[in-house]
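Sharing a structure with you now.
Naming follows writing order (A, B, C and D), and every chain is counted from residue 1.
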Amino acid sequence: MRNTFGNLFTLTSFGESHGTALGGVVDGMPAGVEIDLDFIQKELDRRRPGQSKLTTSRKESDKVELLSGVFEGKSTGAPIGFIVRNTNQHSKDYDNMCNLFRPSHADYTYFKKFGIRDYRGGGRSSARITVARCVGGALAKLALRRLGIEIKAYTSQVGHIKLAKDYRKYNLDFIEQTPVRCPDKEKATEMEALIDEVKTAGDTIGGVITGIIKGCPVGLGEPEFNKLHAQLGAAMLGINAAKGFEYGEGFDGVTARGSEQNDVMTESDNPTWLSNHSGGIQGGISNGQDIYFRVAFKPVATILQPQHTVDIDGKSITFKAQGRHDPCVLPRAVPIVEAMAAMVVLDNYLLNQAIKL
Amino acid sequence: MRNTFGNLFTLTSFGESHGTALGGVVDGMPAGVEIDLDFIQKELDRRRPGQSKLTTSRKESDKVELLSGVFEGKSTGAPIGFIVRNTNQHSKDYDNMCNLFRPSHADYTYFKKFGIRDYRGGGRSSARITVARCVGGALAKLALRRLGIEIKAYTSQVGHIKLAKDYRKYNLDFIEQTPVRCPDKEKATEMEALIDEVKTAGDTIGGVITGIIKGCPVGLGEPEFNKLHAQLGAAMLGINAAKGFEYGEGFDGVTARGSEQNDVMTESDNPTWLSNHSGGIQGGISNGQDIYFRVAFKPVATILQPQHTVDIDGKSITFKAQGRHDPCVLPRAVPIVEAMAAMVVLDNYLLNQAIKL
Amino acid sequence: MRNTFGNLFTLTSFGESHGTALGGVVDGMPAGVEIDLDFIQKELDRRRPGQSKLTTSRKESDKVELLSGVFEGKSTGAPIGFIVRNTNQHSKDYDNMCNLFRPSHADYTYFKKFGIRDYRGGGRSSARITVARCVGGALAKLALRRLGIEIKAYTSQVGHIKLAKDYRKYNLDFIEQTPVRCPDKEKATEMEALIDEVKTAGDTIGGVITGIIKGCPVGLGEPEFNKLHAQLGAAMLGINAAKGFEYGEGFDGVTARGSEQNDVMTESDNPTWLSNHSGGIQGGISNGQDIYFRVAFKPVATILQPQHTVDIDGKSITFKAQGRHDPCVLPRAVPIVEAMAAMVVLDNYLLNQAIKL
Amino acid sequence: MRNTFGNLFTLTSFGESHGTALGGVVDGMPAGVEIDLDFIQKELDRRRPGQSKLTTSRKESDKVELLSGVFEGKSTGAPIGFIVRNTNQHSKDYDNMCNLFRPSHADYTYFKKFGIRDYRGGGRSSARITVARCVGGALAKLALRRLGIEIKAYTSQVGHIKLAKDYRKYNLDFIEQTPVRCPDKEKATEMEALIDEVKTAGDTIGGVITGIIKGCPVGLGEPEFNKLHAQLGAAMLGINAAKGFEYGEGFDGVTARGSEQNDVMTESDNPTWLSNHSGGIQGGISNGQDIYFRVAFKPVATILQPQHTVDIDGKSITFKAQGRHDPCVLPRAVPIVEAMAAMVVLDNYLLNQAIKL
């Protein structure tokens, strides 16, 4: 189950950067959900490169084809297989890399683990494999929509340019209106300038994405190992280039006192809290408040500058990467963060239906 | 599988704070490993409260009894069942809490999820359940010892008092010589003073634990969803009061350029890198360098001050927690961090043996 | 997950024949179910040896102790750990077997698989390990009782003495009134005489157990690999000494024509069929009719006659088993068949609650 | 994981009878295995209908396309996605069945379970979905071939015409030379005549398939719930129309005495037994002898005669099936039996590599 994500709503993913096609199988899609193909394609389009000068100039048309599990426009409960064909691969760009290990890439670890390596475009380690996650996430969102659960993510930091931590300060409807997917227009402009500068230098830069889950019902998540935030954390850390995850007050909260950070409940028709330092999760289980979290992404390893490394015989070598690469992964990682969160929430929603008789 | 951790080396855990016993089943322990009972008990003792004034004054004798899977001092490959009896529970301390939801505790979420709640000592949400993890981790360590893999953790921050991020500056053999489990003597003293101050105020404080895995072979971790750091992250985030996880440069690394953060390999008999910004993992797979990571813990929710909240009917109420509680979870969480890391590494080691024919 | 059974309702089992204790963890027990301890102990007593002259004279008091997951008499949704201590083990009986491989036992295969073997009483391969299954099954039955689902099993064949295949000919309430657990008084007497004869000869005999599930709702089971009967089959074949499984018309049905064996539905307020050749399962999914199946058990391997075999060095040796053994496993396997069926049905019931939004 | 088979070598399957395509993902294929595409296609061709007058006249070209996980002719350790497009579907044939429940089909159970039903060709309940199993099995066979493990299956009974139980009496190389896949030429001719007769009558007939695994190393299978034969049983019972499974002496062995059925080991350079009543598995673990088993198949439910049933409103209705259907599933089920066995064995082989350090 190395390439399967989830428990009851699962995505089994396949495909490499330069293979014939990428795709996957979504198993556990609840029956009777309307399958809005346009929405799924639109979600996939959000991760597509070439949307702006901030991203790689590769053109990936990336048309998704659903192969099963849908009948007369609705999910049947059968697994939904899907593929996205690779059409614009420049495998030649990687010819000079077949015998070397690119720094901070998965080249060395894959080769040692499997004894064989598809060096074209990073093979299975390429961020291109997130195509399958987008489709899985889009299907999950279609189900969550019926439950009134909404998931949003945005770029909250690029390099040293960062937004305030409190997501409530921002108009989340504005996110998609900037190429960098940042809801603060001014900061977005700064971020774009920074990415442009970095790109010109043949370099790359990291950042942070903030995610929010609204309308999550009480009770999702398991008490022990599979706490809701542990599942979200694993999901986010599984995204290419992710280096950290925190939710609620996160790392900053470690300096506070318990008396400052406890979320006090107050009398009301419905459960209400005076604060949300917890980030919508208590004891690993959602409490009905907004869930919010942050994911750190490193600067991607592929830079367009000469680099030293060793070849597969351990000899020193200098090389310069060819190909079309993102100077900053953040804008295109936003939909992936949403997709992973959507799958985690739906999976736990389904799991939670089996708690009582 | 809500209370099971791992894939091939698994811990299935049970027990509540004030139940009859805690325990678990370790399945997948490789056969033929010498089972050093003293070591296991010693590991369990490390998490025991009452070791210093920094921790709760509860006395938990916590003797572990292995019930199966061991024959003539060696593991047989059969599952290892174990129990630790609860002996010093003051359930009376919780009588005034049976009808209210303590702020930032799991009281509300458990009640809503299951429709029933064992309110004594937090029931299954208590940190006491980490007893099973200690035993599972100790067994994993016995196996890893044979492979030359070593795992260390220490308190690197309490409140605003923090160590340098680079663990190589510290003598890790010194960790266990301070009550707070910090390898810097001076900082340890400051941390202790802070915890003491917080305790006197009936308050609590958070912090950060740093973990290091030395001697991990190349190739552990799965390319896609189950990246080694994603598994470590899920493991750490599953520890009570954890709020964040990062590895390698983590959140701080987002401001760097790719050219600054790439780890360059250099010619050598064995693979060598000039740096380890990656934290020993590339593309989700260990590369043979030290793996290091940090885990954020919030101030624990139980403070010994009057607090406002609501009861199970939604009415406002003021209460003050009774009982014996930790003012700071960090010192006792150090062995749990190690235990979880040990289980993740062994699990992946076993999984990796099944990659090739 | 080698010793875990089930998906959402799981039993993780541990223990050997002559170890300290047997036990397990039931995870996924729905919250709020009344836990009738007397019933659980009674179910465990049903598998106890020494109930009649038909079974081994070993006395196993086998008192089950629930350690967690129950609060004020009800399940809390937390895992239920339990143990049954071994008290009457005669490990000496096996001293002469530590260096040889008993014919048709697991001695050789365990030794080769694990490189180490707990030879006392067969270790983990002993039928004694079904203790954990009885407890897991009893908990499942408590949940199923609330759903109106009832499970019955009986001995339908011992050696050549067999009942009619149609279970509807028998009064299932009579099963427990014969030592051999057969609802036909006359056949029961014949079976007992045969077992007695076999026992006197130091030999053993096999047979068949029929199982019936009544009140199973429509829709349990998964379409593809996890068809309800495939899960039942795996469960039954996992019982010690089981050699075959069939449901509905089973092996005998292969000679029929489709026109003879199709179950025709007929107009009615509720779905009604004119026959039940299918055995209550169509396309792997329960249809609401009675589910019935048969399990074949071989004569147990331990006979009290001199036998030839080889020792661990491959040398020929003659030995005679000591100890107290069952001449026929059937009577005591009846409650195990029920227990396994109960766990399968409850697991699928819970799983089925997560099909739709 | 409803549509996933296996633990370390897994097949996740998708597709319906009349959907766009069938396919799946094989995860856990060991790296470095030569992927012989011709062999895979040939295996798939073996299940194809229209090979003789014994099977349906549907023409399914069924070309498999591997989409990932293979590089320069070898497996890379990445998941292997594959599809087979549906090209010759006559959905019109099912128009008269969209509102009724065919007797002994999955129509009623699917509809009740999911609340929606793809009635075209049985949707996901069609035997056409075994396409994915053939491909998964072919990949497993490619790996097993390197280990010297060989799997064979043949039709051993059709209706009342049956072969001797002992597979050693037959030349297994002859199997594929008869349309019915039976190694006894005379019996094969009789079987063909019977199937022809049944077909002419618009009826169907069942039978038995025998499977043999040669060269299986000692030690495969898990001691408790996942005994090797329990896994084989579940695999076989998951095949469409399967009603029973037995291994070794199976149901017939229940009348024997232990003294007759025990397999005695004898002195030799390598472990040798004087018999193989056990069927190559002892205590759930392979012992190195041939593994053999039998699978019962019912007459398929679709007959070309008028039948009574009810419609989705519960009203009586008479209908006659259209379409092209197999009068006997046996010949085409032979490769499926092999495929499932191959996947089980490879999965357990991989699992067994993770037993020891």
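Convention: contacts are C-beta pairs under 8 Å (C-beta built on N, C-alpha and C of every residue); 3 or more make two chains touch, one makes a residue touch a chain.
In this text the structure is predicted, and so the values were computed from the model without any measurement.
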Problem - Graph separation of chain B and chain C (steps between touching chains) - result: 1
Problem - Between A-D and A-C, the pair joined by more C-beta contacts - result: A-D
Handout entry: Where chain A and chain C are represented by their mean Cα positions, the distance between them in whole Å
Key = 46
Problem - Whole-Å separation of chain centres (CA-atom averages), chain C against chain D - result: 26
Practice task
Starting from the mean Cα coordinates of chain A and chain D, work out the distance between those two points in Å.
Solution key: 39
Problem - Residues of chain B whose C-beta touches two or more other chains - result: 1-4, 7, 13, 28, 31-32, 77-78, 113-115, 124, 223, 355-356
Practice task
Write out the stretch or stretches of chain B touching chain D in their complex.
Solution key: 8, 28, 30-33, 77-78, 143, 146-147, 223, 349-351, 353-357
Practice task
Quick one: which bits of chain C touch chain B in the complex? Just the residue numbers, please.
Solution key: 1-4, 7, 10, 12-16, 19-25, 27-28, 31-32, 65-69, 71, 74-81, 83, 113-118, 123-124
Practice task
Spell out the part of chain D that touches chain C in their complex, as residue ranges.
Solution key: 1-5, 7, 13, 101, 103-106, 108-110, 112-115, 124-125, 129, 157, 159-160, 198, 201, 203-208, 218-219, 221-227, 229-231, 233-235, 237-238, 243-251, 253-269, 271, 277-279, 281-287, 296-303, 305, 307-310, 314-316, 352, 355-356
